[in-house]
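One structure below.
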Amino acid sequence: MSSAAEAATTARTEPRVRTRKPLRKRLARIPFYLLIAAIFVYTVFPFIWAIRSSITPDGDLFSTPLQYFPSHPTLAHYREVLSSGEFQRALINSTIVAGTVTLISLALGSIASYALGRFRFRGRAFAMYLMLSMTIFPQIAILGALFTLINKFGLYNTLPALIFSDLILTLPFTVWVLTSFMAALPKDLEEAAYVDGATPFQVFYKVLLPLVAPGLVTTGLLAFITAWNEYLYALSFTQDPQHHTITVAITTFTSGKGNTFEQPWGQIMAATVVVTVPLIVLTLMLQRRILAGLTAGAVKG
Amino acid sequence: MAGLVGAVALVASLAAATVGNAKPTASPTVVKQSAAIGAPAVPNAAKLRAKYKGVQLTFVGDNAVGGSHVRDLALAKKFTHDTGIKIKVLPHPEKSDESYSQLARNFSSKSSAFDVVMMDVVWPGAFAPYLVDLKKSLGKQAKLHAQGIVANDTVGGKLIAMPWFGDFGILYYRTDLLKKYGYKSPPKTWTQLGTMAKKIQNGEKAANPNFAGFVYQGNSYEGLTCDSLEWIASVGGGHFIDGGKASINNAKAAAVLNLQRSWVGTIAPRGVTSYGEEEARIPFTNGNAAFMRNWPYAYSSGVAAGSKIKGKFSVTVLPHGPGASSVGTVGGWQLGVSKFSKHKPAAIEFVRYMTSPAVERFNAITNSNVPTIPSVAKDPAVRRTNPYLKPEIATVARVTRPSRFLKGHYNEGSKIIYQGINQILNGADAKSVLPGIQSRLNRLLK
Amino acid sequence: MSSTTEASSVARPRKRRRSNLQRKQTRLAWVLLLPALAAVGFVAFYPLGQTVYYSFTDQQFLAGIEPTKWVGLENYKDLIHDTLFRDAVVLTVKFTLITVFFEFLLGMIIALVVNSGFKGRGVMRAMMLVPWAIPTVVAAQMWKWMYNDIYGVVNDAGVRLHLLSHNVAWISQPNTALASVAAVDIWKTTPFVALLLLAGLQVIPTELYEAARVDGASAWQQFWRITLPLLRPAILVALIFRTLDALRVFDVFNVFFGNRPDTQTMAIFAQDTIVGTGDVGYGSAVCVAIFLIIGLFTVIYVTFMRVEQQ
C-alpha cells in the first residue's frame, strides 16, 4: 500500500527529472523512434489505404499513376453502403452474434478458469488439453458434420447456429488465457477470504475476478473480433441476406451489373471502414477501463 | 463490461434507426429496364394451371443481392401469376465453391428440398446421377440453344440440364492504340497478337512504365482452364479430352503454350500468373493494357461514365492458329431438375419457361445475361443492351471444358490441367509438362 | 501451506476431513468446468467424431452413388507416402516459424511501448488493433492488390522512394511469394499477440521494477529478469494459439495463389481433397494428421516452457 503510493509519487516526480537528458542519450533513442515509426507505418498504412480507396471514385481506384489522395474524393460509396438494407441487417446480425458469443465465452470461460487456475485436482491438465483439442481441427473438417448437426436441431439459417459454432473458436483460448491469469495470482489470496467465511462464488466474484480484469477485457475483445470476423460458418449456415453477417455481406456486394466477377471495391472498402471504426472506438473505451481496473485492484490489495 | 454492452447497444440502435425491410437492392437502371419490359407470359399457361395449380417448387437461383435476384423474382412472380404454381426463390451462395457444396450436400442426402437448381456449366457432369433426364420433355427446345453447350449438358446420352445463360471468352483491344501504331484491324492469329502487343507496349512504356501488352487469367485456378482451352482449341490442339481420352499432349498444344510462356514477363506482366478476372480487367479499363482476354462482363465497366478507355476500345473474337478457327470457352449457368423432387413434371415446366427464347431475351435486356440461344443474340434490342454481341462474336464456336467426361472427377481433372499450365507459364517447358497432365487425366477417366 | 503442517501433527479425524475437503474441491472444480466443456464439446464432439470415423472409410463428397466402405488404415498408409502432403506440411511449418517469430518480436515491442510512458502510446493502442479487426477475406484481397505489379501501391511507393528499381511481381515470383504472404499474416495477427502480451505486462506489479531500479539494474536486465519470466504464461498461451492458427492458414494463400502446388498449405490441401477431389475419407485422414501435428507443437511448447520454469 505504501509501495503503491511510492510508485505513484516517483511517477509524478519522473517528468521533472526527464527535462535534462544529455544529447547522447537523446540521439541513442533515434533508432528506437525509427523502429516505432516503421512498425506504425506497417500497421496503419493498409488501413489508410483502405480509407483512401473508400473515398475514391470507381474509375480512379486503380488508375496509374496512383493517386495517394483522390483528386475527386467522393462519399458515394459510403452512401451506397449505409443505405443498403442488407448491410444494416448484417451489421445488426454481426453485433448480436459477436456480442452473445463474447458474453457466453467470458461467463463460461471465467468460471472454468477459476476451477483450472485455482484448484488442484486430477484431470486438470486433461481438461485443458481437451478444451484445446476441440479447436485444433481445420474448419473445413468439421463443416460438413456441423452442418448436419445444425440441420438436425432446425437451426439452419438462424443466428444461434453461428453463435454455437463460433464458441468452438473463442471458448478454448478464453479459458486458456483466463486460466493463466488466475494461476498467476498469489497462492494464498483466497485463504483470507475463506477464513472470513466467504463462499467459493463470493471469492470468485469479489476477489479474483477484479484482479484478472485485464485478462477479461483482452479475451473479451479478442473473442468479439474473432466472432465478428468469422466467415466460413457464417457463409455455410445461412441462406438469405436476412441472416448474413458483416463478413458475408461485404463479400456479396455486387456492382449491380448482374455478374459475379466484378468487385465493387470502393463499396467494399467503405464497408470495411464502417465496420472497423466502431471496433477501434470500442477498444479505446475498454483499454482505459483496463488501467482503471488495475489501479483499483492494486490499492485494494 | 458496461462499455462493451453500451457499444453494442449503440451500434444496434443506430442500425435499427435506419433499417428498412431488407428489400433486394439493384441499380436504378436495372429496375427501370425490368419495368420497361415485363417478364414474358407463360405459353400453355392454362394447361399448366389445370394440371399443377397449387404446387410449390423451390428454385435455387442466382445471387441474393443485385440485378440477378430481381430478375429471378420477376420471372418467378410471372410464372406463379400465370400458372398458379408457387415458386420459392432461394438465392445460391455467392462463392462458387460454397454453391457447389450446397448442392452436393443436398443431393448426397437425397433431400427433396430443392426442385430446380442453377448449376455452373462444369457441374452437370458431377451431378448427373442426381438429375432428371430432360431429353423427352425439353429435347426439342434444346435444339434452339448453342449445340456446344447442349453437348456439355448431355452426360451418358441423357440431357440432364438446360442451358440458361452463357458467357464466353472474348478479346478486348484498344482501338486508339491500334490506330496510333498503324494497325487497321485487330489481330486474327496469336502470332499477330504477339507482334502488335510488343510494338504497342514498347511504344507506350516510355511514357507509362506500368503499361502491358496483353493481360488474361493466368492464376492457378479454374479461370486458367478456361483461358488455356481457348489457346489450345483455337490452334487445333484439341479440347484437353476428346472422345473420352486425354488429348492434351500434342505438338500444337505444346507450341501455343510455349508461345504464351514466352510472353510472360515480355508482353504480359510477370504477375499475370496470379491474375484472375478482376486483375486483368483493372489494368485494361485504366488504360494500362493493349489487349485483354476476359468474359463479356468487363464491357460495361469500359463504357461506364468515368472510364479511362470510354470510346477507345472494342471487342472481337479471340485469335486462332493457322488452319484453325477462333473459339470461346463457355462459362455460364444451366438449370436442372432434382431427381428427388416431389414435383418433377411441374419443375420441368418451370425450366421450360426459364430457358425459352422469350425469357432469355428478357434476361439479356434487363440483366445483361448472355443468351445461349443464337437467335436471341441477334435480336436488335438485345444487341443494343449488349453491344459486344457483334455478329462474329455471337456466332463464334463455343468450346466447353471436359466436365461430361470427367463427371464427378471434374474438379480434380481441372486442377491437374490448371496447375500444369500455371507451371508452364511460370517457366517450365510445355513438352515436359504435358505428358504428365495427359497420363494423370487418363487415370481419372478410367 | 500452514494448514498442511498443522494437519500432519494431528490424529486421524483431521486427515479424513482434509481428504473430504479435497474431494469437495475436485467436485466443485468439475462443476465449474462443465459448462464450458459442455458448450464446446456438444457442438464439437459429433463433428470431430465423424471426421475420425470418416478417416477410416472411403466416404465421398458426392455421396449416395456408391456405398461407403470401411477401409481401415488405408487412408493413413497413403498419407504417409503422399509427397504433396509432405510438401504442404513443410511449407506450412516454414510459414509458421517465420510468422510466429516476427509476430512475437513485433508484438513484444508494441506491447512494451504501449505499456510504457511513451508519448504516442494512446494512438498506438488504438491503431494496433486495426489489422486484426479487418475481415480476413477483405484483407487478403486488399493486400493482393497492393502487391499487384501494375497498379499496386507497394510497387508504386517502393519505386517512388527509390527502394525498388522496378515493379516486382511479388506474388508470382517463387522467391518472393512466401515472404509476401507472410508479411500479410504478420500484419494481421501481430495485434493478437501484442494484446495478449500487453495484458500480461499490465499485471506485473510496478513495485518490482522500482526495487530493481533502486538496486541499479539496467532496463535490459529488468526486461530479462523481471518481465520475461513473469510474462511466461502469457507468452505460452499466445505461442500456442498463434501457432495453431498459423498451421491452419487458408484464406490468404487461397486468395493470393489459387491452387498452386508449391504454395499449398495443409489446410488448403485438406479443403482441396474434401471438396475439390471429393475424397472425404482421405481428406478426413489429412485433418487428423493436421490435428496430430498441431498437437505435437503444443506438447513441445508446454514441455519447453515447463522445463525452463524448473
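Some notes on this structure:
A, B and C label the chains in the order they appear, each numbered from 1.
Here, contacts are C-beta pairs under 8 Å (C-beta built on N, C-alpha and C of every residue); 3 or more make two chains touch, one makes a residue touch a chain.
Here the structure is a predicted model, which is why all the values come from computation and not from measurement.
Listed here as common contacts of chain A and chain B: C.
Between A-C and B-C, more C-beta contact pairs join the chains of A-C. Here the spacing of chain B and chain C, counted between their Cα centres, is 38 Å. Distance between chain A and chain C, defined via averaged C-alpha coordinates, is recorded as 15 Å.
Taken residue by residue, chain A touches two or more other chains at 62-64, 144, 251, 263, whereas all remaining positions touch fewer. Shown for chain C are the residues that touch two or more other chains, namely 145, 150-151, 275.
Annotation for chain B: residues 101, 210, 282-283, 286, 288 touch two or more other chains.
By the touch criterion stated above, chain B contacts chain C in their complex at residues 97, 100-101, 104, 107-110, 126-127, 129-130, 209-210, 212, 219-221, 269-274, 276, 279, 282-283, 286, 288-289, 408-409, 411-412, 415, 418-419, 422-423, 426. Chain A makes touch with chain B in their complex at residues 57-60, 62-64, 82-86, 88-89, 91-92, 95-96, 99, 102, 144, 147, 216, 220, 224, 235-236, 239-242, 244, 248, 251-263, 278, 281-282, 285-286, 289. Those residues of chain A that touch chain C in the complex are listed here as 3-4, 6-7, 10-11, 14, 35-36, 39-40, 42-44, 46-47, 49-50, 62-66, 104, 108-109, 111-112, 114-116, 119-124, 127, 129-146, 148-149, 164-165, 167-168, 171-173, 175-177, 180-181, 183-184, 188, 200, 211-212, 214-215, 217-218, 221-222, 225, 228-229, 231, 246-247, 250-251, 263, 265, 268-269, 272, 275-276, 279-280, 283-284, 287, 290-291, 294, 298.
Considering their complex, residues 60-65, 144-145, 148-151, 166-167, 169-174, 256-261, 272, 275-278 of chain C touch chain B.
Chain B makes touch with chain A in their complex at residues 1, 3-5, 7-8, 11-12, 15-16, 18-27, 30, 63-68, 71, 90-91, 93-96, 98, 101, 105, 208, 210, 277-278, 281-283, 286-288, 295, 297-298, 300-301, 304-308, 367-369.
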